[in-house]
Every structure is written in C-alpha cells, then in structure tokens.
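Below, each structure is written out as structure tokens.
What follows is chain A paired twice: with chain B in the first complex and chain C in the second.
Then we have the complex of A and B:
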C-alpha cells in the first residue's frame, strides 16, 4: 500500500500506532483457544495476526474479528509473547473504519450500528443514557420490538432514569478536535 | 480515608442498587467517597470507541478532574475501573501518548494518583472483619463471579492470581459465607452484545449460570453492573433459550457486606433485583 509516496505494510502501520511488533507472534493459537467470541468470527485472533504478518491487508481489514470481539482481554492476557492482541485487533478496526472497508461477512452488522449509537449517546449527554441507547438501537437496527417485554419491569424498578444531562461538553469538544485532525 | 469517587453511568441508572450498597457500606466503615463533580463517561469498552486516542481521552478527562484533588480515584463498576486504570498505566508508560492525550483534552495530566476498585478499598481499609460483623452470612453458598475487567490484564486488582482470583472469595469467607469453587469465575458474560447480538449473551451467560448452579451455588456475587444485568435482568431470557431453570439471585458484593455489617436490608434497594433475593435471604435467616 502506498501512502504519502512511501510503501507501508499493515504490520508497520500497526507498529507506528502502538509500538507492537506483530512478528513476535509464533502462531501458538492460545488467543483464539481462549476467546469465547471466536465462534462469531470469520478470522479468529491468531489468524488475524497471521494475515497481518503476511500483509494480506484487504483480508485483514474486511474480517469481522473486531466486530465479534467483546474486549474481554483474555487474548492479550494469555499471550506467551506478551503481545497486546486486543490492541492489535482494535487498531485493525480503526484502520478499517478510516478506510471505509466493509466487512465481507454480514453476521455482525448490528455491532457497528450499536457502537455508533453509543458514541452519539455520550457525545450528546457526556454519559450513557441506557434507555436512549436501547431505544435508538432498536430504531436504527429495525428491531423495533427487541427487549420490549423488559420495558415494564425496567420502568417499575426505576432502571430507565439516568443522571441529569451534564453541563460540560468535553466529549463533544474532543470528538470535534479529532475530526479536524483527520480522525474518526 | 478519603477518595475521589467515580460512580459511572450505570450506577446512576440501571444499577442504583449497586450505588446504594456502596454508599451504605462506605458510610458504615467510615470510608469517605467524594463524588467528582465533573465526570464524563469512560467509554465503557475499547470495542465501542472507533480509535485509540479517543478511548484514552475519555478516561483521561476524569483523571484530569481527579488530579485537582490529589486523592486516589475509586470506581465500583469493573469497566470504569478497567478503563481508568488501563489508561492511567498506558499514559504513564508512553510519554508521547500522554502528550497527545493532554493536547486532545486540553488539560495536563499528572498520572500520579492511583485508580482503585471498591473491592480493593474494602480489603485495604478493613483489617479485622470479625470485630465489626454483626451477622455472619452463615450457610450461604456463593459463587464469586469476577468477569473480565476486574482481573485482566494482570495489573488490574492487586490479587496476584488473575486466572483464579481470590479477593472476592476471601471477602465472602470473612463475612461468613461459603464461597464455592467453580470454573467460570473469569469467563466473559457477553458484555454489550445483549443489545447488538443477544444470542451471544444468552449463550455465554447461560454457561456461567449453569456452572454456578451445578457447583452448588445458591446465588452469584458480582462487582460489575453489566455482569449483573446480563445474569439477573436477562436470566429469564437465558432460561428460555437454554431450556433450563436457574432461579439464582445475583448480588453486588457490597450488598452482602452490608447485611453482614448489620445494615437494615430495607436500605439496600434489593427490590430492584429482577430475580427476587428475598426468599433465599429469609431461608438463610439473614433478614
């Protein structure tokens, strides 16, 4: 891949952002063996590491590994080479988002929808409003009746009201700063 | 001792019961938690945030706010604790990340104050439980569920055994309960997939509930509002999905500490739980 006139591999790009050297991985597979979410992934964590090592850029960026990841930290924790695999997974996701690469597998299509709603929720409120999070998710993912049976009990047990909207707008400012910086 | 308290979003909405139990127990023990006035969401999970600089900037806002008071930060949500502490450690390790983050939030960071979970605070502050316990939790069989973020990576709670943490088990035993040995104490419950792909939670949390039940637990004890939601609020969905019956109440650890310390159960908002814990507590003569 040519960026700014210089050829740059995916491994190098990850190293620049995180200082993690993916060539330390010797493919033992412990990360994937311990991953409770790997059954959701077309490319389990150790295979994603291999794709990066081989610079199979498109294949890595269009995998659904990072949409299936629940960030439970088991992979990084158990890596005998002490590679922060979760950070690598997240960095690949960031690059995929920046380059607008679409996932080649559609089974986790609601996860990016959820993430976007989550971000908008905290940008608007400075904190999470769980009711709005659920309601907006149902609207955007066209699952209008999801969890609707939980609503009466959530209401009755006062689990829907949230902290008062904060007066500060720090998160909004940061996100705007990042946008100006060629960020998200 | 005085701490800066970071309650986080869930404790202000879906987990007011957790918030209340933390307050009751800290009041009783003379632990002063002073809520930060200007806190912002920590980002909850790195998976929700599109890029790393933002996932560091969000907790950094709170760390900068806490810097003003030079008191350690205490969080009771495992995710808040993990995000704050991971950020704190990463910014300490990589000076250029610290500079980048400071620029992004427009504030300086000292990275000197510590981040602690309320479980650690209880451990450090109370040396002699025997002398303050009013009612031992005798005969209560509990499965201590740590989830992911309390113990991973290695440098989260100061326990020393991340694959088989003991801190909550030790606390429960000091309170007089019997903590059972079981294999799922640090397996993930499915986190926020409850919204984006519910079958994941029904499957993963189903395994946890099944293992706790099979190991003889009468209830589960947690230290995270999302673990609580998945195991308690969604327990009936999980039962249907797996065609099993669990009927396992899920407590936050300070709720059980409060009962042992003689705090009136009516002050604890236990009625917010979905799986009713009252029959079990009555059966064990704890209320």
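Then we have the complex of A and C:
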C-alpha cells in the first residue's frame, strides 16, 4: 500500500546513469506485447517501468525481468514514447548487481550465476573457455553432472586447456566503459 | 512636454518582487516627469480614473504605464487617453511583469533596478511619440470558404443566411467531405449521409452561395476587408449547364480506377461522380486516367451522352475575385499506416483502415454493408480494432491524441455486432477518451450491452498465418500475453494535417502549429481566428475535430466574418512604415524583402525638377513588421510609433 507519497530516487538514479526519463512511459504495453521472453518474467517490461515510476525499489530490483531479457531491443525499437526500454532494464540489472539484490522469484536463479562466471571468464581470458565456464557454473549452481556427456567432445576439440592469455587490457577497458548502465 | 508615469502593483504579481512605492518616488524626479503614481490595479476602473484625474490635474500630454505586457492592456490605456481627448498613441508601456517581476522573483533588489531601467527607457521613447491617426478602409462584404466538408458547408450557410454572398471552394468534384464517407455517427448512430445531404442540398440551392467544386484557390493577396483571390476551376470536361446527371456516361466508360471515395475498396470510372448524392450532380472526367486524353481513343462518353454535355476541349477557368474574409475549412488527411513495419507495412490485405471500414459497413458502400474480408470475400467473424495508430506516437512524429478514434472505434465494434450478431469484437486501446456529451455512456453501452472486449494494451505485431491474421498484444491490466487469430484487423488511423498544408500555408501567408495543423490566434480566447486578420478557421484543419465541434466552429467562424461585415469600415493600423522620400535612394531593398508585398516603387519630382524613383508603402497592406526598416541602408524608412529615434533614445536612457 502506498501511504506516504511517492519519491523518485530510483528514477533519478536511472536518469543520472542513462539520461532516460522514465516518466514518459504511459504503460501502453507494446514492449511487453512484443517481448519474446515476457513469459519468463514475473514483471513484464511495462510493469517494471511502472515500478520505477512508483519508486518501488525493492520490487523492481528483485524482479527477474532483467534476467529473462534476451536484449533483442524489440521493446526499445517499437516504443511509441521513444524510451530505450532495454537500456532501462540493463541499468536496473546493474543496480541490482551492485546492491547484491536477489530475485524474489526462483525460476531464473541460475541466470545471474551464469552471467557472473561468463563475464569474469571474458575479463580474465579474453576468450570464453567453455570448459572453465561449464565447470564453474556446475559448481556454483550445484548441478555437478550437468552436460557431463559433452566432456569427450571438448577434449576432442582441445578445449580443456586454457588458451594462452592474450592482452586483456583492451577487454577490461571495454567492460569498464560498459559498467553501470549496461547490466555488467 | 509633460509626462506622467503610472506604476501597477498587479495585485502582488509585480509589487511582491519590485518595490513599487520606492520606484514611483525615484521616477518622479526623472527629467520631464511631472507626476509618478502607483496603484494596486492600473487596469481597473479606479486605476484608470487615477490616470484620468492626474492627466487633467497636471495637464499631462503623454503617459507611461508600467504594468504587464502591452499585449494585454495597451488598448485599455489607449482608450483611456482617447476618452481624455488625447491621441491614443501618446502612450508607452513598460512591461515590468513578464519581463521583470515574474522572471526575477529570486532577486527583488536587482528586479527593482531593472524595473526602473525599463521605465526610464519607456520615458525616453514616449518623449519622441508622435500623434498617429488611423485611416478608413472599405470592406468587401463577401466571404470565401475554402473546403466543402461539413465545417465549410455550415460556415457558408451561416454567413449566407445572414444575407451575405459566399463562395464555397471545394477541391474534389463534390461537396460533402469526410462526413459523406461515414456510415453512422457516434454516439447517436444517426446515418451520416442522411443528416449531411440536406445541408449539401440547402447550400446548393441557396441563392447567396456560389459553390465551386473541382476548384482550388491558387493565390491570395490583399488584406482583411479586401482579399484578392485567384481560383482555378479545373476543367470538368463536362458542361455543367447541359448535363442532367443521368449517369449514362459513367455506366458506359470502359476505364476502371480505384475509387477515392470508397478508399480503394471499389472501382470508379474515368468519368465519374464520387457518390450518388454528389452535389453538384455532375460528373468530371479524370484526365489522368481517361483513354481519350491518354491515347486519343475511345470517346464513348461523348457518344452516349443524351444532352451533348461532354466537352473534351474545355479548359481550366481562372477566376479572380475580391473577398472581405476567408474561412479555412480544409479538413484533414489520415495517417498512412505503412510506416508501421510491425503492422505489416500496409501490405497485409486483411488489415484495413478505419475509413475503409466505414465504407464496408455502409449499406451503399462497395459491399452493400456486408463486412467481408478484402482477401477472399469471407464474412468477418472475429475482428480486432486497434486504436492509436499514428497518434500518441512520438516515434511516428505524431505525439498528439487524434481525439476522435476512441469514439469511432467503439462505434465500429458496435456496428460489427449489429451487422453480424455472432461476431466477436476486440478493441486494443491505451486509454479511452470519451469526453463529450453522451460519449462515455456510449462506450459503456458498447462494453456492457454489446459485450465488446476491451483489451488495454498496444498491439506489438500483426502477421499472417494461413488465411488469418495473428495479433500479438498484451493485456496490461491482467498481465497476460495475448496472441489471437482474427479474420480482419481495423487500424484506427490518426487524423493528420492535409499533406499539402505547408504549401497551402505559404500561399495564404499564415502560420502552422508544431504538428502542421493550422494554428489559431489564441488557444483559448481566439480558437477560430488566425493571426492574419480576416482569416478564420473551422473544423479539423486546426486540430482533430468531431462533427459537433466542427459545426460549432463553423458557426463561430461565420460570426467572425459577419461581425466584420457589420462594420461600416475598417480602421487601418497606424503603426506602419513610412518613407522619408527626401533621402530615399530608390535601391528598393525594402520592396524585395517585404513579406506582405506592401512596398512598391514610385516616381517623384525633386525640388530641382529631376524625376527619380523612391519606395512607397501601401498603407492598407503594411502590417508594421519593421523588416524594411532593418533592411534600409540609408535609414529613410521608419516605423511610426517605434521609430529609430525612439529606439536610440531608449538605449541611451540605459
């Protein structure tokens, strides 16, 4: 229940990071209608926008919208109010990661784990190492034998050993530049 | 020179920031100022009486009023001077509200200083004020109405019924406009044609209304009271006096073209009347499609015409007439939905526009009132109506609400249920805007009695699957995704300005608003007037309007014309340019730059008898914009009331 008025701290934080004014959204639902992943989300995109407008910070940050999002940009492209919805979704993800807020819905709980490992993998190695990625993911998600049958294939393709590290400076630079409002 | 300064508090609008009392005291010591007074409201009767008594008591000959913008009360104070027997132009207004107290409320001290400067400048200007007089202009008591839709017809009727001549110019072969295309009208469900055609006939029979169809206004010059208008009457290729409207020609014509009136849902012939009740009931030959004009063959219409009315050699007629007023009732176009890729780029056959649907449900329309799909002629049993297509959409450059779509969409769904009782109607909407008499009740009726399903959410994609269309939407109220199959999809396309509104505005020398509709003089207090005096607005050329609003605007615009015609003469604006012929070099920069074409060349005889060319200002056309003053290299053109010496004095006073 909203009792004490509505502030706009989350909206201002998003505006500061992305220069997007979320109050332009009139919840027509075209983003959610076009979203191919909205069936995965507990909060479809137009509702996430509403939660931001109402400054329901916890509900917004603990939604699984941004973990279900496939970044296909359909929402931003079709938005009649010309709001970059994807960028808002990504920014909310950044804030959730920074504040270590967990999804209240368990259905997509593996996605953030994968996201973290994948990003660390890229930052550390420049390449994605499938074996390390899979092994780490299985350990952290407690699914130890997931995809274990693929090991021989990886062995055959010589993917088990880590490649020689290339210069990771450039990758780091790119990732740093993207931090804060792109969901990293 | 005896100057009085009167400073207004404007309640607390000014005095809340500017120290008015101190200001009045310091200004009273200014050279030339005889008396300086302040008052709570200068524009009120007590305020004006204060000015009047001060003028009498101190024998003032010119005054400065420091108050709000001259746009609001300049005329009030001019009238005040006139009452006193002074020339009304011996007045200067210092705007210390909009240009001072309102914008500097954060710094009262500096605001007071600025107010003092503004008043000092006004005093400097008023010192050089000259007595100006208005000249009288005669009025041509005839009205021109551009556009023969319901707004234009009503405006013409209202003016003509008051006893003045009206010329009604319509671009298409018949008057009637958009309303003639509609089936029923919301919320009463009157048959549109049934209530419109009597008005069309009345206008046609009215002895004071001259209807020029298939004609366009080509050039407008002049000014209020005497506009000179050039009208091109395109050749119909049919002699209007001989034709009886029997229709033999159009039944025999071999060429078939998409009908504009039926929005491409049926074919018309190359010689055609747009619809059976057309006024005048005389066909035209569409020369761009006629075989006689393209290939010099055929000539069937001429052969079959029983009254020998076909004239292939007829030429366009150019008509030059004078009018006292012009009413713009040019109406609207509809948004082209092919801009929406997600709705099929306008290529899906069973996705039609709302105006096409109007023709479909109309019993005299192309299908005889059967709601069938264009692709295979099957009756539509499940129809989706999608609102806000090309309106409330910044991405399409149409941020405004098209206003009439919510209501006509509700009507469309109702008509579907009436025509096909077992059909299902779904309306995808964002908000329902039903602000009008009995509008909200109408929408309730559609929801409760006709069980039309309203789904709150904009549709994101329409695509074909087999014979049917899949609509992908979202019900934002329940949070449910929707993917449904439909026989037919009707897009409520938004009302947009006429596509040629830019060139039309240039021809009339009028301004358009941000959305390219014809802008009004004042959004609240002058909604049917233009900033050019004598030009009035009616109907959807100004903004999307429904029928009752268009008719109301038509009446309002007619009254504006009539109140002009009721005057004995017009007074011209005295604050216009004047040429000092003794120093004019005749370079005629001013002639080329004048936006109103008010400057011409004139031959004068010098004192030593030599003849030379100088510029001459036409006093009735000049609007006092000052462009010529800025362009004159020898500074011989001056704007009366805002002369160069006044401006220089004001700057010096700073």
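Here is the rule we go by: the second predicted complex is superposed on the first by the 142 of 184 C-alpha atoms of A that agree within 3 Å, B and C clash if a C-alpha of one lies under 4 Å from a C-alpha of the other, contacts with A are read in each partner's own complex, and residues count from 1 in each chain.
We take it that a residue touches a chain if its C-beta (ideal position, glycine included) is under 8 Å from a C-beta of that chain, and two chains touch if they have at least 3 such contacts.
Nothing here was measured: the structure is a model prediction, and the numbers come from that model.
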Which holds for A:73: it touches chain B only (first), chain C only (second), both, or neither?
-> first
Which holds for A:136: it touches chain B only (first), chain C only (second), both, or neither?
-> neither
Name the contact category of A:103: first (chain B only), second (chain C only), both, or neither.
-> neither
Mind working out whether A:44 is in touch with chain B, chain C, both or neither, as first, second, both or neither?
-> second
Given the touch rule stated above, what does A:27 touch, chain B (first), chain C (second), both, or neither?
-> second
What is the contact status of A:81 with respect to chain B (first) and chain C (second): first, second, both, or neither?
-> second
Which partner does A:65 reach: the first (chain B), the second (chain C), both, or neither?
-> neither
Chain A contact check, chain B vs chain C, more residues touched by chain B
Overlap of chain C and chain B interfaces on chain A (superposed complexes) = 74
Chain A partner, complex, touching residues on chain B are 9-10, 12-16, 38-41, 43-55, 57-58, 61, 94, 104-106, 148-149, 152-154, 162, 187-188, 190-193, 195-198, 200, 204, 233, 271-272, 274
How about chain A: which of its residues touch chain B in the complex?
-> 17-19, 36-37, 40, 66, 69-74, 76-77, 86-87, 90-91, 93-94, 97-98, 108, 110-111, 113-115, 118-119, 122, 125-131, 133-134, 137, 141, 146-147, 150, 153-154, 157-163, 166, 168, 170-171, 173-175, 177-178, 183-184
The answer for chain A against chain C in the complex is residues 26-34, 38-39, 44, 46-47, 74, 78-82
Residues of chain C touching chain A in their complex?
-> 342, 388, 392-396, 430-431, 456-461, 472-476, 479, 481-482
